[in-house]
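Look for subunit A in each of the two complexes below; its partner is subunit B in the first and subunit C in the second.
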Partner chain A sequence: MSLKHIIKPFSAWSNVFRDPVTVKDPLNDRPGAARYRGFHQNDIESCIGCGACSTICENEAISLVPVDGIETKEGDSGLRPLVDYGRCCWCALCVDVCSTESLKLSNHYTWVGEDPEAFKFIPGVDKMPWDEEELGWKRPEDNYELNNFKRISMLELTPEARDKSFIEIVKGYSKQEAQEEADRCIECGLCISTCPAHMGIPEYIAAIREDDINEGFKKLYETNPLPEICGRICTHKCETVCAMGHRGDPLSIRWLKRYIADQIESDDYKKVLELDSIENKDQKVAIIGSGPAGLSAAYYLRKLGYQVKIFEALPEAGGMMRYGIPEYRLPYDQLDKDINLILNLGTEIQYNTRIGKDISMEELQKSYDAVFAATGLHDGRSTRIPGTDHEHVYMAADLLRDITSSKEIPVMEKVLVIGGGNVAMDITRSMARLQNQKFGRVQVIATALEGEEILPADREEIVEAREEQAVINPGWGPTEIVIEDGKLKGLLVQRCLSVFDENGGFAPKFDPEDTDFFPADMVIESIGQGANLSYIPQSVKDELEYTDRGRIKVDSHFQSSAKWLFFGGDIIEGPDVIHGIANGHKAAIGIDQFIQETQKK
Partner chain B sequence: MKNKLFNISPDRSKYPTIGKDGKPEIDLSSGKFVKIWQGPNHPGVTGNMSLELTVSGDEVVDAKTHVGYLHRGFEKLFERRKYIQCFPTSIRMCVPEADSNEYCLAVGTEKLAGIDVPDRAKWLRMLTLEMSRLQMLLRIVPGQGGTMGLGIGVQWGMYLRDLILDRFEELTGGRIYHMYILPGGVRGGLPEGFETRLEENLKDIEKFVHRIDNVLYQNAVFRKRAMGVGYLDPSWVDEYGVVGSNARAAGFKRDVRKDNPYLFYEQLDWEVPIKTESDIYTRARIRWYDLQVTIDLIRQILAKIPKTGDVRAKTPNVMHWKIPAGQTYVKSESSRGEFGFFMVSDGTDKPRRINLRGPSYTHAVPLLERMLINTNIADVGALMVSLQTCPPEIER
Partner chain C sequence: MKEILERINQQFNCSAHEHQPENLSWVQLDKKQLVPLLSYLKHTENFSHFVLLTAVDWIENNEFQLNYLLTNHELHQDIAIRVMIPRDEPEMITAHHLWQQIATYQREINEMYGINFPNSPRVNESFLLEGWEGIPPMRREFDTKKYSEETFFPRPRQEGKDPQTHMKQKLYPDEE
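Up next, the complex of A and B:
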């Protein structure tokens, strides 16, 4: 102990001459730092109510609630997050996982209020002083992600390896790839409501993650008895609304579905689905057409025990799935895998039988308790321009059917396809393959009214068709098929300026000055298909009611005004496979109800 | 080590009598003893903890630590949270120095999952861990004076600590609970101009280091009260598992950063300060040296942090991130000493068990109970703070 130790502490007196450092709040309030995790902001317009914020919240401070003025629509649950500041710990994980980047935290950090309930609020809906503030916590730099926004790429055949044959292009996921892709799912369920069949998508994706394929397979069959088919050629509306698509690639839901179905051997189907014994009922149901809707209805009706008989006009089952979709997209063995289960359940099928010709509708009505007609759209529509009556003008649907039936196809040197939809792409690519086989080169042109941006075909179809050397030249309206000395020379076209009017109605406008000529030896029309309902006798037709657009009117269970007769598939809704499957399922429920009610009476 | 000249220890020849089990026989009805409670709400206690003291006169003859005022069950809560959801909870296990919790949890998860984090994230983790140590030392260094009635340095320390918290706010978005280090990496790089502002703060802190030396360590009153008091026998260090500055003041060169280097501490140039007197003064003095070492380390880290690069490794979707089954123990050096997490995964997306091995459990329960005997009541607070006990970490 020395004098030094007594004197030195007095150096603290030097502070007397220093300015105070205290911040006097609120007189000179200091703003929060630029990254401060303050109060929530939400851009309710870009928010889709996917609920990722709510799922990640460790304190269960976020719940999703309906909000006035926000409607539930495709890709938007219509719900918005409500934050409870009695629970929130401001970790901002909700911001980091937000799939649309709509949720942020402002750097505002003082909120004084008397009402405890006010501290539960819906950011963006309940107006707050910090709503417009720019600063605050946002998801950090681009390389910071709590999820993977890149799709696991799919192994596909190169254009050189596929353009001469009809072997399947897409190879399917391996187990590891499927699990990695399934891992990206945030289980928001927006896809469920968009899927026409309302498949339990997050559930079967979860089954892939858990590697419980049997469970996933059962989930598929709850709503869709054609998973191998849908896993390949579904129009995957689910992927267009996938929450992951806002900041990255949507999940490849379709390929994941295919992955599950691919893992199960055909022989194990019954065992996995626990369908070994079905209790039979006495009632009989007739189904006209073995397309997706007919097969789907047959599966669910058979599962309920009904005696089901399908009448098919063509020699094999599958409808447009077999006779419309080319083999490189949907191989016949995979098609048969799905169909065989339905037939193996005891469903009867009579091929080469056309209703109205081989058997009359009245006979069906007499012999069966209910009839489900899902006859589809098989009659190609014509442009009806001059020259379409030439023998080298064909319908796409007819040619595709002939390809499947292994009939001889007229493959000429220069082929022209009119149409820009998926069927047009199917015939374009099929003809390209056949030309390659015959001539070793491709000379196919597809032209359509619609411009490049609004072509109705799937983008991948257009890209792949071009990879296979087909020429897609959109934005032209056909005016005349030029025929000289009875020989088809080509197609005259004029520039199409717009296809639809302001209301979205079909009203193409042309520029007659801007014309072109596509030389061709054969022309294939593929501008859509129509239904052939001639099998319905007039007495029944009189009983039916029709919608404004001329379609047969059915209720939510696809029951027509003739109570014993149900309609579904492309003739009612679509045209696509998944709508057909959904129709068939609902119709099966409707038929079951109808028969049960009739029994009671 | 006791100062012979000022030794005023009472005559213990008559009582308490020591029983056959070696423990004092205390008969409260004899009138020679009084039980008093220090805490749970007491300025001399660090947080919500209480000491049941049996005193004779103003001398402590027996002491017992009581906890239970702060139990939040975090270790149980972890078992119901996904790995990513644990880090906002983990920080509350040791409130004043929250980053060690985040760090251990993140590293444990990464070890179990077998992922490596980018270098930039590792440097940023080091920066936050050192800044966290700095703000803690700015509390505890002058705080030691506070326990003996010398309040003057405390405001200085708190002001400077707030400046560091400002930097934390800029970097991490939070002042106390930073929630910055998460499994896979960190949540962002340095903001614009951060280094300059932090350097200014470090200069202020260097001035403080000098001023607190004059006011506290060179203060005759503090020296008289702290030197030779609260002696921690070096033989207890291994017996009790004493770590950190408490062990370093007893002559043990213990620092996880040197003994089991983690992150990039091997790339930094520094020495572990040690002393041997092992009393309240020495422990406080060691922290004063730690303060200077920490300033130096932060400068070295700032010079080496990469400006670009990823801040987070690619991980699976955190919403269902399953960690392979296994167990691990990860540790770091907090300002109080070795701070470790034992983690067990059963292969699901939630941890099976996370257990914290914090220094305070040892320091504030068995060690403190032993060291309090024969202490003057007035020195209980000083002794406790000199061990740098942290009740939230004992109970979590």
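Up next, the complex of A and C:
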């Protein structure tokens, strides 16, 4: 070893005076790349707590937790994602699958701390330095989408093919279409609380996806014994809160329900639902009215073994579903498919029997352990403007009932409908069809107080009515039906400026200067229906309590203050079919409890 | 590029075609034809740059996919060559004699997917996963979560709620 070898290593000391090429610690100001996948950000306002982020996370790094100040409401679970960075691998699938695009990753990636628990936080709720950071990973705009936001379109009859007859418009999904549509569901279940019957929607959609139709069918009947009907004419409020609806088309929940019911033959209903043998009980329940609420209660009571008898004033069962809703929306054979099962379970039904006239309430009270009254809203309300007493002024509910009963109804050259709800659309489109059959052309005008944007009818009803050549001219208040020499000439209207006051109360304001005249030979009023409760004797009426709005007061099981008497359906809640079904189900549970308690005493 | 693709299709009896994005063509062919095609592209069509070799596990079809990407810098054209091999016979002919760096890619794929390339230099030596035992980690049947739980310090999942159940509790707790 020479001296050189000993001295050489010390020459490295000369580097002490050179500028270092490495970066100084701590790392300051080293931003991530523009699309770097760093810590999460979440827009708490647009997040709906659907949990797609948590479901897709393979590392189980995301959990949904309640957050103070965020309320659970329709369409929002009130939960928000909490991210555990001890498990996160920054794959960003949570961002890519987010149904509202609220979840993003900032490009911040450094965070030093000694407590592992601090690395769990709720983005957007627990304030973080990167909350306002613009840069970071966002779902790429083009050609990259984990969700399918486009609804599988439904085959429907063209306006030309349907406007002369009452054949059903909607064709229903094929197996492939139904499975593709079902595949769009992310199973968040936000829809369930919005459905009045709280149907197990994600579960029956999953059954379609797995092609286990029997299982799906059983699921439907757990909460809804009228699936063919609801699968066609439900107001489908569930679809308004569907998580997919935030960035695209909501799931076609209604058509999927119909798909399941359509696949099962009537003859197989009992077998699939395992209802071949029911253990009978001795107690008897009377049901007044065979509408959705009455039928639903009958189904669930019969399933429990009670002797159930329905009293129906009209010659056939179904209530407004048969005598209100036109055949092109709900064909009678499909209606009967649902109803027949309930009757085949041993439910007795006595037609053409009006309680209060043919049989008294007191008799029912005497002969039955409980009574469920679901008599609905059948009496058309009148505008009571001058001229409504003319013989060519009709009520929509009466005409729709006569159409179902195959009675001859007056079809005149110029028809005017007052009303903008679904019943108004039903009569408008029915009259358009009848005019087409009689005259080969349509001349129906429907007018309503509400402006185009706030028409109460379902949007598709309005669109389809127009496709069928009916004129919908909203935003007018009727003032007078003009009659000359005893002949109906038409309707005078004035512009309606607003319908509701600040508190949402009904208080229409008009502009008397802005008027119009709609010529007509007949006028049909369709501004709503009222209940006819004249069948309840005074002695019972005295026992009942009423709400501030004048409705009969019932508890959560639809039991009135006369304990033996339950009320449900449109007279209590709605009006629509699905509320009726839900009411009937809850009333059945209430009646069962009531009878069991009475037995014990 | 069209002419090149036509010549390939004629010589190798396949269906090479142009593809999105621009400047990228695809060709799929049999395992046995791969080395002749790579050689032809390198020496005759001037695709002198070997870019990468990757694999995909199509467990549903019981197949592995191998992708070879080459570039012709004069034409600014890429060509991707796809070879499907059966999953239960995971072996591919080596191409390291054409570009020696292919040996490294093949070694990595052998480690990550268990696809062997016999006669490739050092192909059975560890690349990243020193001392790895069991199923190669990029195979789809490899359970990442199970592996992590068994190998690392377990960190229990943060307790959370299911939206459906939570909404029922909050909005309609009394209904059956």
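Note that the second predicted complex is superposed on the first by the 571 of 601 C-alpha atoms of A that agree within 3 Å, B and C clash if a C-alpha of one lies under 4 Å from a C-alpha of the other, contacts with A are read in each partner's own complex, and residues count from 1 in each chain.
Methods note: a contact is a pair of C-beta atoms (placed from the backbone, for glycine too) under 8 Å apart; a residue touches a chain by one contact, two chains touch by 3 or more.
This one's a predicted model, so the numbers in the text were calculated from it and none came from an experiment.
With both structures placed on the common chain, the touch criterion links A:I192 to subunit C but leaves subunit B unconnected. When the shared chain is aligned, subunit B comes close enough to touch A:V97, but subunit C does not.
By the touch criterion defined above, A:D84 reaches subunit C but does not reach subunit B. Number of subunit A residues touched is higher for B, counting subunit B against subunit C. Residue contacts after overlaying the shared chain place A:R495 against neither subunit B nor subunit C. Of the two partner chains placed by superposition, A:K541 touches none, neither subunit B nor subunit C. In the superposition on chain A, A:Y36 makes contact with subunit B only, not with subunit C. Look at A:R184: by the touch rule set out above, it reaches subunit B but stays clear of subunit C. Judged by the touch definition given at the top, the superposed model places A:E58 against both subunit B and subunit C. Counting contacts by the rule stated earlier, residues 58 of subunit A appear in both its interface with subunit B and its interface with subunit C. On subunit B, the positions that touch subunit A within their shared complex are 81-82, 84-89, 152, 159, 166, 169-174, 177, 179, 185, 187-189, 191, 211, 214-216, 218-220, 223-224, 310-312, 314-320.
Across the interface of their complex, subunit C is touched by residues 49-51, 54, 58-60, 62-66, 72-74, 77-79, 82, 84, 86-87, 116, 120, 188-190, 192-193, 198, 202, 556, 586, 589 of subunit A. The residues of subunit A lying in touch with subunit B in their complex are 1, 4-6, 8-9, 11-12, 21, 32-37, 52, 55-56, 58, 89-93, 96-97, 105, 137, 140-141, 143-148, 180, 183-187, 206, 209.
Across the complex, subunit A is touched by residues 144-145, 155, 157-164, 166-168, 170-172, 174-176 of subunit C.
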